[in-house]
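The letters A, B, C, D, E and F name the chains in turn, as written, and every chain counts its residues from 1.
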């Protein structure tokens, strides 16, 4: 349960669409690059709808049983312990599966019955079929830039969700976020956002992904603690982005131009 | 056990064929694209034949023991717990293995003795050989568009089933379904179905699969909650279908033409 | 133990050869396509020789311990439970390993000591060396059309068996089987067998395997329940055989010519 | 412990070499094709040296613990149970690892300390270091025709053994064996050996391996039970050797020439 | 808890940057070649900040549960035992994941919620969500020279850290370190550093990586124990670096030039 | 603990280097071909330094827990049992990891903290951090001829060891070893060493590796038991080295020239 309103600046109609999906009991998929605010948006909506939020970071070794639950041996008895998805379906929480394409395939199939009009969860090991709480909502996210042939959502999974597209916020709005969360003046924040814009253009020259808003906030936080701005940018923006020496030189030039 | 008649519009002879197969105790395979109504059809037939329905969503980590059952430790004793297939064979239910080609090979072989005239299930771990209840029926489904060399039903499995072919419903019928389940007027539903027809043609230009009836219903549900129709189509139809930017532009054009 | 004589029409000397092998205590391998009667033949011979029959459907996840047996925890004690092969060797049953090439390699090696003049089974986990009952017989089957480099019986396994070759029965005999088991007139059965002959020729044009006798019986059973013969053939013969649209069209033409 | 002298016809100096190796406490590797008498030779030598024989058929899923032993839960206590290799080293038996190249790599390394002058077995799980009984001997076998890059004995393993080469016995000797063990006259046995000679030449035309002496004995046993000789040869020699139709035709011609 | 000040010679601003990151509660990634002092730097900073240090050497078989903790059976009860990451987050230690790219992907994802502003650790198996101690800090290291396509940090992981770049120390400083830790005179140390400089140039001719400061210290330690300097260099610098005979000859020439 | 001096003829400075490394507490890697005396050298040094020797033969399925130890269930309690590496570190033994490149990667990483100046062993499962006994020494060996891209020591592992290079002993010295250990006259031993020299030259014509000193001793032992020398060489030297027929012929010629 999220107690305080998470800071979130809306950049379009996404909150209304999310709310309509919630009312229609439709599951939602969030698409967009790393660190552009998908997780923050879900926290914000959970607070706005007054529902608890249960987040699961998906990974290659996430099995269906990690979502559903399992039997544990306790005081010489086997006790069933609900997994995060089961808990969310029971209590009517929003369950957020972050980076769903990373999960094992069985995990993506286990959510199918929850995403059609049955809204049921079949817990085979317990022999229980759980009808989801009316307020339960399933949200998944993924980064289309990552997908490969091996790691792709199957059509039979995709076509169970409505989609919301995310991107980096517009410059003015991103500067407000960086100033607010990084503890720097708006003018410094604007220069960081200008740098980010140039870095994101480098992307076409070989960077896998542009600098996220989060990295800008990191740089701002170092600057606000007295670190030299150019040094802070190298530390918080350039070095994390790539291991390629030539790209590092290009990024260092961009920093030097601005600080 | 399904209590209320599931909404289903028949588009051919499939119900009669299914019933004849059930009377002849023949197992059935349903072939067709994602979201065209295979699951709904099985629910409808289970209701019509008055048999309980047990559904298993197959996936890469579904082992034979997930279908047959296993020993669990309970109150210091090992207790056998039937899996969904064993339960169905014992009580005479319809057992529906959804997307069977996704399952591990041992799962597809375990059903062999149930699908010839022996109609038996051999539960090696329990040392039990179960003769299926006379009303038991096995139904499998798969999407031929998905099959690859690695994931293909073996001939020795295929030739144990009679087959029913499914496809998207005819336009008039699909519009009736979308209006009924999406809560929109027939004229809006017809425009959505027109859009779907055009999207399904794009398929030949690179879309893996066309828009399912389910996505049309999603769009209708958003529209009925006050979302702008074009926005609803982008959210519920375009974004879920593909991550390709150029295809998204094509789809957006199709939406703009109609709404 | 098989109580009633299983229906089997012999098409050569196979029963005498099988009986001589049983008397000489030689293991037997049955080679032939899917659904041509190998399983039925073993049932018939088990009944004729008055021996119990234990059948194991082999698959990729069949481990040696699934054949030999394992320790189970019961009432706080570990109890050994014989697997199907051990049970057969102990009681003098015929043990039939269906589609042996599908099994894991350890499974095929575990049967070696049972197939030479020692006729012993070494159960390492129990520390027991079991001498097979004099009436015990090992029978394996496989479909040579399936074999690939990866899934092939090793020479050191092959050369422990005498071989029997199976094929689809001659037309007249197959018609008698289809009429008897499918509940249709001989003339309908003959037309189905004619169709099968033509379908089996299509095989050279791309079908992996021809229509099995079992599929003909399925079609006959649907016809005997009032389904239109052409419809029954499409459902029970064409759709199960292939997912290729062009081959389906060819098959549909063959059906139309005959019904 | 082998009670009766196993029938074995020596074809060279192999018995003396084996005995010298045993006296020098050297491990021995037997190289040769399938079914040429390697196993029988070891049985014979075990009987001659008066040592018990423990045979392990190696396979892809044979783990080191299958050779060494493991802890089992019995009457609420964990009890150590020696594996076959440990048992042999303790009691001074001959341990015969058949088709060693099939085993997992950890299995082949576990025998290293037993094969140098330490003659020790390190049982890590038990924390025991066992010095082998003076009469203990390790014998391995493999078929050089099978070896591939993936399945090859490492030099560090090979160079711990002295080697004995085996092949099919000379014709006269093989005929005596077939007559003796197959229960047929010497003239029939000679014709079978002639057939084998011709089949072994076909090998250069595509047969993986020639007909083993064991298959000749199988054919003889069927003939001695009244099966037509040509039929017996097809059943016991041709069908087991290959699934290739053209090679089967060639083999059938060879049979027809002789019977 | 590190009691004595670890010897560390700073070669730039890295200590200030590390401290600012710690104050801003930002996670840090250390990039640089093998043996250039990354581990020593973390020990030094832990001592300087007065925080305990918990180090985990990552490897291919490091699972998330190895970091988080697991249930153990003790005195007939299952007891939860915290893993090193959980312990560090609870007590406010610095947790150092050495060579993070070697770990399994689930391990890298499990740290995500600890590295954004939530600073939480989700221990699914225990159903606990742990908020990290305010003094907790996460540090990871990796060697960019090692990274391959298969073993690369995902952008969604990278962009959660600020980065510090490490390299071999400048010559004068490295000589002081080698003299201090190797127990040799400064002039010997300088010659070893000169050798290292030349060896690091060979790197472009095929050496995977240059000689680390650690290897120079090893050579010094052997020299200080009376080993001939050329011999010590061959033993401690040349032989560990490569198995290539030609590169060894080149390295031997470099040694001969200097000692 | 080794009681009697193991026979070892030094061929260079290796004993002094080993002793200096032991005094400086540096870990040692031994590089060299199969059967050239690496293991014997470690036994000799353990005896000379008066330290117990614990040897572990590494293989593909050696897990870190096999080195560190594990919990075992004993008399209803879980008891920790130290693995060989932990035991050695605790008691100050020499721990010899033979053919380290064969081990799983987690095994090679687990030794890292033992090989830098911390000399610690982190036993995560027990929550114990063990500081190694001052007399503890880690020795690894590998055969550079075996290494492939897949099985290579990482630089971050290599650069933690000083290296000693081994090779077959010089001819005169090897003859003394063969005579001593094989029980033959020096003149016979010299002829065997001459043969070995020629065989080792064949290596360039396709032999993976030359004949080891161990195989020469095997041949000598057979000769000393009355086996014909040419026969003994074929059995103990030629057959173990290769399965290639043409190479066997070449080797047989070499034998014939000398005996």
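By our rule, a residue touches a chain if its C-beta (ideal position, glycine included) is under 8 Å from a C-beta of that chain, and two chains touch if they have at least 3 such contacts.
No experiment lies behind these values; they were computed from the predicted model shown.
**Student:** Would you mind naming the chains that touch chain C and likewise touch chain E?
**Tutor:** Chains in contact with chain C as well as chain E: not a single one.
**Student:** Starting at chain B, how many touch steps does it take at minimum to reach chain F?
**Tutor:** 3
**Student:** Can you give the rotation angle that fits chain A onto its twin chain C by Cα atoms, in degrees and rounded to the nearest 5?
**Tutor:** It works out to 120 degrees.
**Student:** How would the chain A/chain B interface be labelled, same or different, where same requires over half of its residue numbers to be shared?
**Tutor:** Chain A and chain B contact each other through largely non-matching residue numbers.
**Student:** Roughly how far is chain A from chain D, centre to centre by C-alpha average, rounded to an integer in Å?
**Tutor:** 60
**Student:** Provide the C-alpha centroid distance between chain D and chain E, rounded to the nearest whole angstrom.
**Tutor:** About 52 Å, centre to centre.
**Student:** Could you tell me which residues belong to chain C and also touch two or more other chains?
**Tutor:** In chain C, residues 73, 76 touch at least two other chains, as defined above.
**Student:** Could you classify the connectivity of these chains, where an edge means two chains touch, as line, ring, star, complete or other?
**Tutor:** Chain contacts: single closed ring, each chain with exactly two partners.
**Student:** Enumerate the ring members one after another: first chain A, then chain B, then the rest in ring order.
**Tutor:** So, from chain A then chain B onward, the ring reads A, B, C, D, F, E.
**Student:** Taking the touch rule as given, give the residues of chain B at its contact with chain C in the complex, in rising order.
**Tutor:** Listed in rising order, the residues are 13, 16-17, 20-21, 23-24, 26, 29, 31, 63-64, 71, 73, 76-78, 104-106, 108-110, 112-113, 116-117, 122, 124, 127, 144, 147, 154-156, 158-165.
**Student:** Under the definition above, what is the set of chain A residues touching chain E in their complex?
**Tutor:** 34-35, 39, 55-62, 66, 72-76, 81, 83-84, 98-99, 102, 143, 146, 181, 208-209, 211-212, 214-215, 218, 221-222, 224-227, 231, 235-236, 238-241, 243
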